[in-house]
Amino acid sequence: MRFWLQHLPVLPVLIPLLTSALMLLTRDSQRRLRVILGAGALGLMALTALMLVRATQGIGAPRWPDDIGVYLLGNWPAPFGIVLVADRLSALMLGLTAVLGLCAWIYATARWDRAGSHFHPLFLLIMMGLNGAFLAGDLFNLFVFFEILLTASYGLMLHGSGKRRVGAALHYIAVNLIASFLLLVAIALIYGLTGTLNLADLAVRALALRGADRQLFDSAAAILGVAFLIKAAAWPLNFWLPNTYSEASAPVAALFAIMTKVGIYALLRIGSLLLPAGAPAAFGGAWMFPAGIATLAFGTLGMLASTQARRIAAYAIITSSGTLFAALGMPGATLTGPALYYLLSSVLALGALFLLLELTERSQSFGANMLAITQEAFENDDPDAADLSGQAVGVPLPATMAFLGLSFFACALLIIGLPPLSGFVAKFSLLSAALRTAEYGAPTVNVWLLVGAMLFSGVAGLIALGRCGVRLFWVPEDLHVPALRLNEAIPILVLLSACVLLTARAGSVMAYLEDTAWYLDQPDRYIEAVLGQDQHDFPAPAPGSGGPR
Amino acid sequence: MTDLPLWAAVPAALLLVLAGLVTLIGSLGLLRLRSFRERMHAPTMGMTMGTFCVALAATLIASLLQHRPIVHEWLICLFLFMTAPVTAILLMQSARRRQRGGPDTPAKAE
Amino acid sequence: MEWILALAIGVLAGSGVWLLLRPRTFQFIMGLALLGYAVNLFIFAMGRLRVDAPPVIDPAWADPASYADPLPQALVLTAIVIGFATTALFLVVLLASRGMSDTDHVDGEEHRA
Amino acid sequence: MKRLFRALPLACLLLILWLVLNDSLSADHLILGTAIALTLALLTPILRPVRARLSHPLTAMRLAGHVAADIARSNRDVGRIILRGRRADTRPGLLDIPLRIRDPHGLAALACIITFTPGTVWAGHDPVSNVLTLHVLDLSNPDGLTRMIQDRYERPLMEIFE
Amino acid sequence: MLLTLILAIPFAGSLCASLLPATARRAGAWLAGGSALTCLVLTLWLTPEIATSGIIKLRLPWIPTLGVDLTLRMDGYAWLFSVIISAMGALIALYAHYYLSAQDPVPRFFAFLLSFMGAMLGVVLAGNLIQLLVFWELTSLSSFMLIGYWHHRMDARRGARMALIVTGTGGFCLLASMLIIGHIVGSYDLDAVLAAATAIRGHRWYPILLVLLALGALTKSAQFPFHFWLPNAMAAPTPVSAYLHSATMVKAGVFLLARFWPIFSGTDWWTWIIGGAGLCSLLLGAYAATFQRDMKGVLAYSTISHLGLITLLLGMNSRLALVAAVFHIINHATFKASLFMAAGIVDHESGTRDLTRLSGLRTLMPLTATLAMVSAAAMAGVPLLNGFISKEMFFAETVFVTGHWASRWGLPLAAVVAGALSVAYSLRFILQVFFGPPATDLPRTPHDPPRMMLIPCAVLVLFCLAVGILPGLFLQPVLTMVMRALLGNNVPAYDLQVWHGLNLPLLMSLAAMIAGIGLYLGLRAHDRRVPGQVPLIYRLDGRQTFETLLEAIDAGSARLLSWLQTQRLQPQVFLLVLATGSVTLLPLLPGGWWPRVTLTTPAQWSFGLIWLAGGACALAAAYQAKYHRAASLMLAGAAGLATCLTFAWLSAPDLALTQLTVEVVTTVLILLGLRWLPPRIEEFPGPTPGTTRWRRRRDFLAAASTGALMAVLAYVMMTRPPAHDSIAAYFVQQAWPLGGGANVVNVILVDFRAFDTFGEITVLGVVALSVYALLRRFRPPAETIAAPLRHRGGMPATFEEPDLQAPLPDGTLRVPAVLVRLLLPVSTLISLYFLLRGHNLPGGGFIGGLIMATGIILQYMVGGILWVEARPLIRPQAWIALGLLVAGAAAMAVWWAGKPLLASHTLDLALPLVGTLHLSSALLFDVGVYMLVVGATILMIIALAHQSLRLHRKLVEAATPALTERGP
Amino acid sequence: MSATILYWAGGFALLCFSLGLGCAAIRLIRGPGAEDRVLALDTLYINGMLILLVLGLRFEAGLYFDVALLIALFGFVGSSALAKFLLRGEVIEP
């Protein structure tokens, strides 16, 4: 056990990688084997994430100085080698990814994993990319993990094929490829100016930059910021999002709920590290707040203007991004704790919503077009591809409609921010923290802007989701009860229960998140943990006692 | 380089100059010759004489500097020799097919 | 040499961006390729230019000043491979889109006058 | 055992290639090279069912000398034509040459020689009539060219490969 | 503890009810009634304690960091409401049991009803503002569900959504106001807030705070101008209307206003906003009620009016008015609920609620008629009924208004007018339904309902009578308790009596009564002519306006959205370029970064020439890409070659090698793709030439600026001295001693930064898998299918399966095949050469893998797919997997040596002859890279190439339909 | 002395090769036929390879040889794939 604990920070990357490699040794038709492998891997990832969350709180087995786990890859000391850093924020995001990923994956095993080749390996690899991005302590390594998660997301986005989906994927890929170029250019510039890639080291060296170097560094940071803003769906760089998210297959769209948050995570992470040197514009600096308000307004507008449920959900993603930008970029205030709470709540809720919407569409008579798309996904030219669409019909579960209706209701509450669920707690905590800034004599116009925008977005959500829910559940006369499988219902239930848990335990969760935020405000700890790290020399496992047999 | 005796440096230099000239003329042929089929012949100069000369010069210099025979530059000539027909055959076929019934039909040897 | 390389980067990037702004999928993919060259050269340039100083070291003489900066080179290698991969993927998506939508417009439909 | 024996020529060739590439005759390179060369030579027939049988190394060397000389001469000729440009009174054209050589490797070698000689390009080969079509930059002496190819290249190649 | 139970029981009941089977009607009713009664009993149990100690408080921590706890707090005021809510709840449960039909999903109804009851109890018991808000919104939500209970009806859906939007929006405003209060007071605790009244009133944000609070309260209580949702909510089943929309939920607004009365009242803002809204609602509601055709419509508007009355009282800034308001809250709850029940009975029994159709029911359902008449009389303010007393108190208050003459005269006048109207609509309600000739064309023949259904109504009527006759006995102590809870020790002196003597209010009452009767008689003609139409204001239809507004929001937002976003890729890319360019320039604008002391390498002519050619090719590639794809590909390839040469020239041999091999593979890949891309022929009339020209100029400018920017940045960076103590120095110094390799780049790739490499090969693998997966569902453009046939000069449209046994292909490819097959062992050897020496000299797994892959691709090119694949060859997917596993194994092997992942480990084997064999885990890692690169590259190429094969087989199949048989 | 001679000779050769590269680039840009372009690309590769060889001589570095070797071995792949595409309409046939 101790043996595994030593390597805890690297496991979230290794587990999915090796499992997907094993999967590739099996054939696409050996689905059961792949499912078993996937379940094992995702379960282990969830376990690892849990242990990391505990470890970064100072609970449990690996005790790290400052509760920050630094893993020196290749045993090269920072800043020369690559490090993985597990601090509270990373652990939190890993946990969120694990929960969301597990749910989306379970959902997919009902039928979507058979709508094309290689669903399972791709799914695990996107998880690997996400986990790696949250753990990366090195700028270029962050880029590499971004690429992994993006390429896997391209594959998953295309999963199921079909005209509209491919069209949406084309835009998605095009925009993200350009964003990748921007990342590369920015990273290169930063290396050229500071001579380092390690984030902690970068934070130290950025302090020393003067004059022209500083100007150029700011330019580079701006490019970096744009790249992250694209991924985080800031207006006006987010036009790719609505189509992408509404055309992706349900489990993929659900998993994508966390994709935009990776961009926000990167902004937050780098922004917090660069804070002592003066945060560049996009990283919690001058533009972030206005960009956030604009994004929030845009998302709200989109929700109002959309009639199709999935598009509403897609715009809700934008709204959540906007809220987070605005909160994180709020001048003169640190709303990080509540913002993280909001992030958790909105990712879980939106994930559940995307899963749910597909089930709901199945009950609609006017959802015939959706059915057609699904049919197209299963259409088969290829004699080798296993066509299992016939099996993919579940049995009607009791109280299906009540379950769907209540779940939709809960999702709507979470997204709108109505009581009693965590969406409300998130909104309330954000606003109350924002108001607190008025005490410090900060200009209150920003506070009012944030309050107004968030309340307005709530009202808009009420109008849009209300209409959507009424149309989905109340209007149709011939609402036929959809065939639902248990592994489609359970993930939704789990995600929503997680939100309920967030609500019920709001006090302790919020305290934890405030602590997380506090650590983010103390980049010195992170820097010291990374740069002050001695090379590991783990004691070798004693024969017969240490490693697993 | 300074260790190289003059008697070797001069021919090596001449070989380099020759290689440059031949290759340049060959490439110039791409511009000066009128039809594609004529142009097909021009670049071969660089591929053959140009490469030979450079390889010879390199062998000369490297062998003298390292006091042992260094021949690996000739691998390049070998590979060029082996691979040259592949493109040429396909390209010529393509050009012929495109101009089927064009100006020139094969002449017959007696 | 610096200005030549800078100009080269500029021309490649300009052509690439021009193509990215064009409406046809094939133009876009060529734009990606050209921009890829520009970006790779750009990253490489961040190590400053060195002629005749490849980073293959003589064990007896490991003075960093006498070798080209190896790190940008390693980064470019990664970037080249990733660029290759994404080009391949985009190509296939482009083909799939053309097959399904009967047009090679990036939007999957022609915008008529 | 028979397979191993048949693979030997190629293996030798590969071993030589390996040693030249590594520019070394040290023991580890010899051992590693032999291992790699033998493995590859044993695996190759899977994708290369037709094997070349080589003989008459002396003829081969003489042929190589001829080819080198011809290449040098053709380079001079073609260079002159290019430099003269319009003024050069050349008659480019196709030339059919009947062949006797049938061995594919021999034909391939002929193709290499012809392509590698400036002024001539392989323009087609009819497997039924075994007629080779060439494109020639300066077709002022078709008979001479035909004879040269038949006598100077084809015959030695037949000796070597058949 | 009891407080927790009071709150928990309804929710628990709701949960139980939701789990009941749809047919369990009786169980649902029992559950609801039982829960409500239990709550009532528990509340009453607490009465002595409230009466003595004033407040019972219970605190459960929830989010302590934000000052939000679950505080249950019961004082006299909350007690009153708890009693109303639970008692009404019990009665309604009984009533609803008989009201709902067998087709309705009854347990669901009771589940929602109970959850509403819990929410409402939560509102009144909340001791924390945020908690109050939570329950407040819950009441809106459960109301939404209850209004939409019969969701197959459009009016129900509309009404529900309207109520939700209006009250929900109000809730958001309330949230804002609570936040501000919390900000001012520093706490959300109700007691703390109540104690900070002066601070709140004096705060500069007081006006906005008040507005927000009022928005919350007024929307909830259906006050002007947000009253319109209430009549539309009448689509709900009548028990719901009786419970939520008369007795309890709509009272939440006035509950809140009264609760905060000590804090907020006493300012002009308060008077104008609250009093104004109340006055308007009072008059407007009464006026509209007079003309309604629907029984429930009359009641709904009268509810608006009576709530307006309460609001007006609250807005009058007088403590006695507050007493009157609270008193009327109680009274209105009793008589209005009983009226609703009566209306429901009529509807239930006769099948209609249309006042013009109903007539003379007095004889058919005498009991119902009696009950309805008493309650209606209470509503009209007939003496000896509770409505009379509260109305008297109201009149009295209006009389004592001081200040401007308009209010001094206007308010009493308005009061009389409203009174008259209420008399008129009450009269009309009773006379139209129960008197006159018996109706003949009713859907059903009505008769009195089961006794049990009448009991709730009767209980309420009895209460009206009791309070009306002996107000002091029944309500004086209660009211005192409530007032003490609200005002502390400032409770005004008042006296609840039927007879105060002949005074001005009594005269006003009389006047109103007479005027009301007159009004009823006068309006009968209008009623017969256009039944249900409200004169003068019938055009001001709240519902219509609301729906129009919503539609306008939809349409407007859609239009705005289409302005603010684009679905097209080109503008998106343009925006991206623009955004990036401008943010990059922004920090550079102040200038001063142009290099002065420059670091330069002497320029060389040849290098310049290479880029002259390369740049020209790049530009030409951009120019040709639209119509001449192959040409563009070649031109870009030339630029790639220039890049490769640059890398080599500038001391980066590894890059040159990689660039070269990637270039080759990319070319083949794109060519494979081009086969499925039919030639471009402009077939659609594009945008107008002018637009095109403008767009091109714009794009050109963007492209040129981007290029210039990148060139400038590159130049500035290149001529700047490198960062001192760059981490690169470490790599150069330690590559040999610690990394064990002379080629620093490779040591970085497989050792120092091997993790990046691991990630990067994963990317390659992922892409290969994605490409493969997508191509499994590939559908080629029709015109490309036979394209290669054209090239072969009109050969027949069927394809012959190639001869798999033929040693060499026939035709043009014969000679190339001989050469290329000879090349395979050579290229394999060279790939191994580059792989094995990578650590010390340029090369490595990538380059080796790409060389190997190219060798294999060449075999496919000359041999054809089937010929090559007829021979046992690699399974690319397995190679990808093995590559990852080998690299992973190399990375993890060191775990057993107690080192972290990817630490290098060397093994020196002493062998005879050779000496020591130096085996490094880094080399094994590189082998993994090699395998993956081979696998991924081949998989992509082959997946593309296989499309031709699939298509050929399809064509053959189509040509010979008889043979269409697929193998198993 | 030897160094100087060789330096200038190498420089001259480099100039010639890069001029040749320029000629090929012009043909590549001008076309007119696709075959012309393929041929020009092939020529570009040859010239590039020669440039690398001469650079290797000038800098006395064996590293350039590897790149040149690779061009010699695989420079033809791109052009022959293009040629086959022109000839047969697809690069890899069934």
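Order of writing sets the chain letters: A, B, C, D, E and F. Residues in each chain are counted from 1.
The criterion applied here is as follows: a residue touches a chain if its C-beta (ideal position, glycine included) is under 8 Å from a C-beta of that chain, and two chains touch if they have at least 3 such contacts.
Predicted, not measured: the structure shown is a model, and the values here were computed from it.
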Out of curiosity, which chains are bumping into both subunit A and subunit F? C, E
Of the chains shown, whose Cα centre falls closest to the middle of all protein Cα atoms? A
Result of counting contacting C-beta pairs for B-F and C-F, higher pair: B-F
Most remote chain w.r.t. Subunit B, using mean C-alpha positions, is E
Relative to subunit A, the most remote chain by C-alpha centroid is chain D
Indicate the whole-number Å distance between the mean C-alpha point of subunit D and the mean C-alpha point of subunit E. 73
I'd like to verify one number: the distance from the centre of subunit A to the centre of subunit E, where each centre is the average of its C-alpha atoms, in whole angstrom. 17
Distance from subunit D to subunit A - Cα centre to Cα centre, in angstrom: 61
Averaged over CA atoms, how far is the centre of subunit A from the centre of subunit C? Could you give it in whole Å? 28
What are the residue numbers in subunit C that touch two or more other chains? 20, 28, 42, 45-47, 51-52, 54, 56, 71, 78, 82, 85-86, 89, 93-94, 96, 100, 106-107
Where subunit D touches two or more other chains at once, the residues are 17, 21, 23, 108, 111-112, 122, 124
Would you pick out the residues of subunit F that each touch at least 2 other chains? 14-15, 17, 19, 21, 24, 26, 34, 38, 40, 62-63, 69, 73, 80, 84, 86-87
Per the touch criterion, the pairs are A-C, A-E, B-D, B-E, B-F, C-E, C-F, D-E, E-F
Across the complex, what residues on subunit E touch subunit C? 567-570, 573-574, 577, 598-604, 607-608, 611, 614-615, 618-619, 621-622, 625-626, 629, 632-633, 636, 639-640, 642-643, 646-647, 649-655, 658-659, 662, 665-666, 669-670, 673, 676-677, 680, 684-688, 699-700, 702-704, 706-708, 710-715, 717-719, 722, 726-729, 731-733, 735-737, 742-745, 748-749, 753, 756-757, 760-761, 763-764, 766-768, 770-771, 774-775, 777-781, 840-842, 846, 936, 940, 944
Touching residues (chain side subunit F, partner subunit E) in the complex: 11, 14-15, 17-19, 21-22, 24-26, 28-29, 31, 34, 37-38, 40-41, 44-45, 48, 51-52, 55, 62-64, 66-67, 69-71, 73-74, 77-78, 80-82, 84-94
For subunit E, which residues are in contact with subunit D within the complex? 807-808, 810-812, 814-815, 818-819, 821-822, 824-826, 828-830, 832-833, 836-837, 859, 863, 868, 871-873, 913-915, 917
If you look only at subunit E, which of its residues touch subunit B in the complex? 791, 793, 812, 815-816, 819-820, 822-823, 826
State the interface residues of subunit B toward subunit F in the complex, per the touch definition above. 1-2, 4-6, 8-10, 12-14, 16-17, 19-21, 23-24, 26-28, 30-31, 36, 39-40, 42-43, 46-47, 50-51, 54-55, 57-58, 61, 65, 72-73, 75-77, 79-80, 83-84, 86-87, 90-91, 93-95, 97-98
